[in-house]
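Once you've had a glance at the structure underneath, I'll fire off some questions.
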Amino acid sequence: MAANLASADGQDKTKPSGWAEVKRAFTGLRRGETIAGYLFLLPNFAGFLVFMLFPIFFAFYIMLTDWSLAKPPEFIGLKNFETMVNDRLFWKSLSNSFYYTFIAVPTGIFIAFWLALALNRKMRGIIFFRTVYFLPQITLTVAAATVWRWIYQPEIGMINHALEWFGIDGPKWIHDTRWAMPSVIIMSNWQGIGFAMLILLAGLQGIPEEFYEAAAIDGASSWQRMRFVTLPMLSPAIFFVVVTSLIGAFQAFDQFFVLTQGGPADATTPLTLYIFNNAFKFFKMGYGAALAAVLFVIILIITIIQWHLARRWVFGFDED
Amino acid sequence: MIRKFALLITVLALLSFGFLASAQDMMDWTCGMVDGDTAGAITITGWEGPGEVDKFLLAFDEFFGEYYPNVEQILNTGVAWGDYWTTLPAQLAGGAEIDMAWMHDTRNDTFAANGWALNLDSYLEACPIPGWPEMFVASQVDAFNFEGSQYAIPYDLAPGGLYINLDLFEAAGLEPPGEHTTFEEFTELAIALTEDTDGDGSNDIWGISNLASVGRGAGGAYWIIKSFGGELFNETNTASEMNSPETIAALQWLADLLWDSGAHPTADSVAATGFTTEFLFANGNVAMHYALNDAASRMWELVGDSFNWTVVPTPTGPAGRYNFIGGSAFSIPTSAAHPDLSYELIRFTLANPDHLCRTAAMGAALVSQSEFHDCAAPDDAPYADAYHEVFSVIGARDGVHPAYHPKYLEWETSVWISNMDLLWTGEERDAAVVVQRAHDQTNELLGG
Amino acid sequence: MRLMATSDKPKRTLIGQKQSKLLTDLLVYVVLSVVGVIFIMPFAWMVANSFKDIRGIYTYPPTFIPDVWRFENYTEAWSMTHFDAGFLNSAIVAAAVVFGQLLTASLAGYSFARLRYPGRDKIFLLYLSLMMVPFTVLLIPLYVQMRAFGWISTLQAVIVPFLFTPWGTFMMRQFMVTIPRELEDAARIDGCGFFRTYWLIILPLTKPALATLAIFTFVNTWNSFQWPLIVLGKPKVKTLPLLLASFQNQSGMRTPWHLIMAAATFVVIPVLIAFIVGQKYYVRGIVTSGIKGGA
């Protein structure tokens, strides 16, 4: 399995087994495939090395420093991480990030999935509907935020107006520390669902018609077609959406910035906003980078866990 | 009109007098620190956009047109407020050569302490700005002074005042407040003017608006705290003085306007559209609206003939009369490639009497208060006299703002807003509770 | 692969199927329309505001339909700043980034999805981890680098660093793993090299994914704001979002919102067109008939 192979990036070259593997790959029958594999990666990898390597190493260095941006960074070791332990706003923003991610991502993907299925139908005017669900992506952010503030307005706003019909006294939404986060989640799902939908739609389009025809000949019910054709064939796309949505949710920033600016009383300050404030408002770039490192590690761990779980359910994962 | 004509004549005269005349002029309006043949580019960055920045751009064009024709201006104005304070630090930290940058009083000490803003003392000595500092509003000179040195030259002042819907007062048979109105009288007025006109159980005319809102910084409440005799920090900004009974009383007074008497719309009432908080006043839903002087010209546009309005000073508290004052300035980053030229440009823009009046439009420009009040509000504006009295005389005289120490921004975000928001959302109605928490967190931040 | 399960359920008649499809279609239409209203509303509101005068925008409570229709908002907004140059800059940047990403991402995606070589999955995870570094901490070092290259205030600064995309590579990989291997093997037997297989077999089969990536990249690049704001100082290189933002004034004072809404509307039109054109590629795999034996 590929995961057991030594990495070719130089660090593991001293390991005899890995090195032997690499040597075999370059000399054996698969020599052509190995060379082609690396060559295909080259344009992307070279670009990454030139444009990302320095910034990332730099960021990893400054997390060990006290840097006010203006004066040269001063090396302080792991002190930034010690500061974090007693930083009330760090813990608050960390829990906000988790709250946001673990509610927004599952609900978003669930809705996007059904939306993609509906928009995958061969119907008249389907392109119109696809465009409608994509519109939030391209609406001027400030216009969108303005409308949402209007929607959330407790007295004349649309949601509470609608709730009133059912005799429900709606909450104060973005002006209540308990409801502010759900408000942001609703708006950001509204805005982000278009892309998840589009990717799943592309995945659905990639499923060969023959599979469904074969299933129909075998008399499969629509549930069985979903279970045994659609879901397995869509699983790589779903996996992609799950992984990137989780990464995206932990990095979400704009929706908080435009709708609530992190308030009221920090109820909607995610770690990203706290990093931003430290870096550019409090001029504590070293601390900001240390917070960013924590965020990075969290996302990495979650992604690696998904990676291992993926072997159980994602099509085409361990075919080597 | 006459002024424009005079300007035109001046320019024409200068052109016809030719080289000699402009050389003479150069002696007057530059200090000759930079050679007139200098070529190159000067980079200027600021947050103000079309409508507000134009008057400065005119001065810049005149300056370079007359004295440094070979210098190209690279203008980066109209960078939205929030973005400006990310972009500028990122560029400066990345080593960008920026020659002149808009500066705000809230940021001055941070930039100065961090070594980003150039200390202008030696310039002010070698090439003094006419009228400096005695003709400038003292509080604004002071706002850009850090540890005894000047780091930016103020170009405007923004005092707070009350915008009054005269029609609502007339209908209620009440007189608008004045400079000597006490907070008690003011509260009574606000309550008396508050109304539920359609009888649906929630107010739709409010006595007073825009004194408090979710996410707002401390500047908006500081003048009230001062009026009640309270403080935020000690003299050296090393400890909190927030837990005094006076500070608590001031904040309780504010909270009660929202949650007890309902004379002030709550945050959620103003949130109907996200553009601005002023639409409530412009739509005639508010009798008294708290705002800075720069709201005046827009109110004029927005209100039109819908109702009569004017401006009055904010009330007097038990500890005296104070109003908020803020302001902006021109600074020179330490990374500037042409600091001498920038200084000459700032000096020319803010002190050349030929265009002082134009620069003072909308309440900007500080040199010679007696000059600028005549121009700050348009001559034909009905509120011009009141504007002069409320902002240029009383507002400039009684102006206060919180001490913008280098940790101020962090304190404002992570202590002030973090706690006070609960008062403005109504989740906590006892000011003493939030103040005590803020007090402890302030000490932790300033002491640590 | 478990593809099919046998079912003892009897086949439905053709007529029954048609009726049920019609019924489902109707239901789908209704649901899509109702939910769609929420999705279209803010956009419609933006367009509606682009026809109001400034006082119409501040009306309380807010209204949808303008009292006074001001079509000249569009001409006024257009002439307020250098939108012609802005459109050109944005178009150059978006086109370059879209084509660059499609190329680099599909090449790397093919390599990760199909070719076997040592370290492949580790390199891939390393790649993916690039997406996880918050951009906030990369801003300054990247700016330092752009200065070292002499790229400040040039379009290269907003194009070249963004030609390489872990996100797009990941996406390409995920779509390419679903392509039946038999197709590729057939091509290889016919003597196609790896590049020809990629170009002639894989790429045409990945059209919906390529279209998705193109749309995604186009929208993101077209709307990109923070980084261009920092690196594009000179007016002549500014992209549309920067021009749009420069209408706004500090604390919203005197901001011509009606003109901003008009500008925002015409700025969005190319994206809308790109999206609708992209739909053309959302068609089922063209060569599907070749894989029957393989399935």
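Going in written order, the chains are labelled A, B and C, and every chain counts its residues from 1.
Throughout what follows, a contact is a pair of C-beta atoms (placed from the backbone, for glycine too) under 8 Å apart; a residue touches a chain by one contact, two chains touch by 3 or more.
This one's a predicted model, so the numbers in the text were calculated from it and none came from an experiment.
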{"item": "Contact graph of the chains (line, ring, star, complete, other)", "value": "complete"}
{"item": "Result of counting contacting C-beta pairs for A-C and A-B, higher pair", "value": "A-C"}
{"item": "Chain centre separation in whole Å, for chain B relative to chain A (CA means)", "value": "40"}
{"item": "Gap in Å, rounded to a whole number, between the CA centres of chain C and chain A", "value": "15"}
{"item": "Contacts with two or more other chains, residues of chain C listed in rising order", "value": "61-62, 140, 144"}
{"item": "Touching two or more other chains - residues of chain A", "value": "69, 142, 146, 150, 156, 276, 280, 285"}
{"item": "Residue list for chain B, restricted to those that touch at least two other chains", "value": "86, 90, 93, 272-273, 275"}
{"item": "Complex contact set, residues of chain A against chain C", "value": "2-3, 5-9, 18, 21-22, 25, 30, 32-34, 36-38, 40-41, 43-45, 47-48, 51-52, 54-56, 58-59, 62, 69, 118-119, 121, 123, 127, 129-140, 142-144, 146-148, 150, 156, 190, 195, 198-199, 201-203, 205-211, 214-215, 218-221, 224, 227-229, 232-233, 236-237, 239-240, 243-244, 247, 250-251, 272, 275-276, 279-280, 285, 288-289, 292, 295-296, 299-300, 303-304, 307, 315-317, 319-320"}
{"item": "Interfacial residue positions of chain C with respect to chain B in the complex", "value": "54-55, 57-62, 80, 139-140, 143-144, 146-147, 152, 225-226, 229-230, 233-235, 245-257"}
{"item": "Residue ranges of chain B in contact with chain A within the complex", "value": "82, 85-86, 89-90, 92-93, 110, 114-116, 202, 214-215, 266-269, 271-275, 407, 409-410, 413-414, 417-419, 421-422, 424-425, 427, 441"}
{"item": "Residues on chain C engaged by chain A in the complex (per definition of touch)", "value": "1-11, 24-25, 28-29, 31-32, 36, 38-43, 45-46, 49, 61-62, 103-105, 107-108, 110-113, 115-123, 125-138, 140-142, 144-145, 160-161, 163-165, 167, 169-171, 174-175, 177-180, 193-195, 198, 205-206, 208-209, 211-212, 215-216, 219, 223, 244, 260-261, 264, 267-268, 271-272, 275-276, 279, 282-285, 288-289, 291-292, 295"}
{"item": "Of all residues in chain A, those that touch chain B in their complex", "value": "68-71, 88-89, 142, 145-146, 149-150, 152-157, 172-177, 257, 260-266, 276-277, 280-285"}
